[in-house]
Amino acid sequence: MVNLKGKDILHGAQFSREELERIMDLADTFRIQLADRPGLDLLEGYVLATLFFEPSTRTRLSFETAMHRLGGNVVGFSSAESSSVAKGETLADTIHTVDQYVDMIVMRHPALGSAAEAASIAHSPVINGGDGAGQHPTQALLDLYTVRSECGKIDGIILVLCGDLKNGRTVHSGVEVYKHFNCKLIFVAPEQLKMPAEITSRLKSLGIQFEETNDLVSAIRHADALYMTRIQKERFVNPADYDLLRNSFILTREMIEANNPKLTVLHPLPRVNEITTDVDGLAGAAYFRQAKNGVYVRMALLAMIAGKM
Amino acid sequence: MVNLKGKDILHGAQFSREELERIMDLADTFRIQLADRPGLDLLEGYVLATLFFEPSTRTRLSFETAMHRLGGNVVGFSSAESSSVAKGETLADTIHTVDQYVDMIVMRHPALGSAAEAASIAHSPVINGGDGAGQHPTQALLDLYTVRSECGKIDGIILVLCGDLKNGRTVHSGVEVYKHFNCKLIFVAPEQLKMPAEITSRLKSLGIQFEETNDLVSAIRHADALYMTRIQKERFVNPADYDLLRNSFILTREMIEANNPKLTVLHPLPRVNEITTDVDGLAGAAYFRQAKNGVYVRMALLAMIAGKM
Amino acid sequence: MVNLKGKDILHGAQFSREELERIMDLADTFRIQLADRPGLDLLEGYVLATLFFEPSTRTRLSFETAMHRLGGNVVGFSSAESSSVAKGETLADTIHTVDQYVDMIVMRHPALGSAAEAASIAHSPVINGGDGAGQHPTQALLDLYTVRSECGKIDGIILVLCGDLKNGRTVHSGVEVYKHFNCKLIFVAPEQLKMPAEITSRLKSLGIQFEETNDLVSAIRHADALYMTRIQKERFVNPADYDLLRNSFILTREMIEANNPKLTVLHPLPRVNEITTDVDGLAGAAYFRQAKNGVYVRMALLAMIAGKM
């Protein structure tokens, strides 16, 4: 019996397959319910704190929308400057204080491990909305949900993960949820940005099928879904290397139409240039639907940790 | 039959007289309803995004208040810095994403035409809350509504528009709504800041009565209402010219009492020095009531584009 | 009969003992009600403006939470930059405008007397959320309430106030409420940061018992409660003086356990180093409960000034 009441959401690896399926089923339920009414009253009277020490459009606004669609309310801040951190207060004291006010906390903070620190202090459940180069577990949940809703299933699919696999927190969180579904993973990255060895060796020991390549076109030919991520310019010492690599990982409409017209394309957004805008019009371009799914998945999480589901 | 369900609100010229009257009648209805209860539940469960890429007190807070008075909720940001624009995301992608979350979008952005661009992308209705030197249609609606509620009618009145008529987006949007009501318009501006020829020639072709002058005192003598606007210092090359012109367009209590004690005075606010504060106490000083009217008019618009009225 | 409907909350000295007790009793009622439901609907449809011209975590978030727990809504800003102050609007005009939109206003502003100025303009009740070096009356109310709820009573207790008693607005507001309860006050401060003579001489004329000392350990030995505040480094000309003084006013777990293990410890927060973190685990460490009490006390105030209680 799945029960997330009062639980913190900190890491992609914390979920069992049963929990993942329960979250996705509940997201489906909310999606259906919102098709014929604007909102629900499940969390009426509840208050969520959104503590964003770094800017965010998607994560903050979709959590706030999720809370409002459930009938709840939100307090918080969208940058460190408008909080008491400016007066020299420790993160621990800020969290301890806000914990007195609200029922649940979502936090984004630049320091790796900050969400876990907050969770160790707060009595209220803490949701990690991104802790620096660490984890972003709710992104992994909405990615997984989007694969299921676009491909009709997750078990046994071929999923290509492309881009900066070394530094990308969404792919690191993602691997932790895909591993439960017997999918075949294909990692496409330049040599310098490959998936860290500690992750690949763990996948081996778990018996997860995966391949590594730098040939995006071959990788997508038989894939069900492609998860694109941004290659971050600031990681390169030599700008010429960056330009070279970047150009080999631009997904275009022609590439999809020539090699796999039914390919499902995901991206955590924001994008820079790694998916050309003419891809947006393809039936398989799922990244804006993926953003929408973030609301349903976060509604599911909020309802479950509040003990309402 | 007036129906604004799902419509974008982009430009003062988009409204028919019938639509303008329907919006004002509905604003009246909400004004009466709020006289004996704090709020309604018409938009319960709905979510409005307020995307303010430039600061605003009046437009943002009155839209948010309007949404709350209708029972709805709000997500958004009040400056570009706390959004993902900081990460290099295009306006198009930001809008496309937020469109997945909410039911309606209000946007203020420094670029002329940005609201129209957003509307071309979003499935949700987009309301232009000011696009640079372009339009500010909801300001024009609340101005018109204030004229009607202060003067008892709009048809046939004499309305003076004074200040920077060349650059002022509120007067440009305003002319587009006044033209439906057979008012006589008197434009009072220094030579350098006259109403653009393209607007005056269009008014001529439409048969709208108007006069141009730089004598504010004569203009207000037989007027029903005066719409003051700020003369923007930054438009002048020679600061001495600015000071000279600015001083000829300061509305004082003495000017009103000596020439037209019953004059209705409007201003979109914020003001700098163009209306002295001793005017505030006059019965005809309507600019703060005008601000309040912004809530009723925006409630009317939100309810109508949501398809609830 | 206590009635705060429509009243401004500007200064700690404005309350009668009867009003203070009514506010605290109502805070108790809300605390009990929230023990078995997440929120109430007393202020459904009401809108509170939170106008924070300076950053704040506690005051802003606890007022916003209080409003949401009562079923109401909030509009506002959390820094001057995202308001029209940036366009040169006067505080008076900003307040006059926002007053048109909302039912109640909470304001924090760096200028002493700014809240009183706002109250003189606004028709809606104005709550002072801190006006520079002036007052912070709602902090005094929640401090008083915490003393009552931690110590079981206020009358006749011995209360130590320690730290920067010269500049601290929370102790200045505090003295104005403690004076109604026949408590004995012990002021512990370095010579340079003593309670201002105008306050001590007024206490004398009112017959309030108080002592002044710089010996914190002796002061707490027979005290019921200690109210610690931050010594502000920026007040000192000579940094060495600051370090010396600061070190004599650090409250440690050892000091409490050796001298008065049952001591109730309060602090308005944020703290820097004046209470070591190992104090947090003591039963008498009440400062985070005090933060929570801020929600109940502010709910009581909001409900009363709205005329609902």
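To keep things simple, chains are lettered A, B and C as they appear, and every chain counts its residues starting from 1.
Simple rule for what comes next: a residue touches a chain if its C-beta (ideal position, glycine included) is under 8 Å from a C-beta of that chain, and two chains touch if they have at least 3 such contacts.
The shown structure was predicted, so the numbers you read here are calculated from the model rather than taken from an experiment.
Enquirer: Look at both sides of the subunit B and subunit C contact and report whether the same residue positions are involved, with over half shared, or different ones.
Expert: Since fewer than half of the residue numbers are used by both chains, the interface counts as different.
Enquirer: What angle, rounded to the nearest 5°, describes the rotation that places the Cα atoms of subunit A on subunit C?
Expert: Superposing subunit A on subunit C takes a rotation of 120 degrees, nearest 5.
Enquirer: Take the average of all CA coordinates in subunit B, do the same for subunit C, and state the distance between these two points in whole angstrom.
Expert: Here the centre of subunit C sits 40 Å away from the centre of subunit B.
Enquirer: Scan subunit B for residues touching two or more other chains and write them down.
Expert: Only 73 qualify.
Enquirer: Spell out the part of subunit B that touches subunit A in their complex, as residue ranges.
Expert: 43-47, 49, 73, 75-77, 81-89, 92-94, 96-103
Enquirer: Could you list, by residue number, the parts of subunit A that touch subunit B in their complex?
Expert: Those in contact with subunit B are residues 37-40, 52, 55-58, 61-62, 64-65, 68-69, 71, 73, 78-79, 269-272, 277, 280, 288-289, 291-292, 295.
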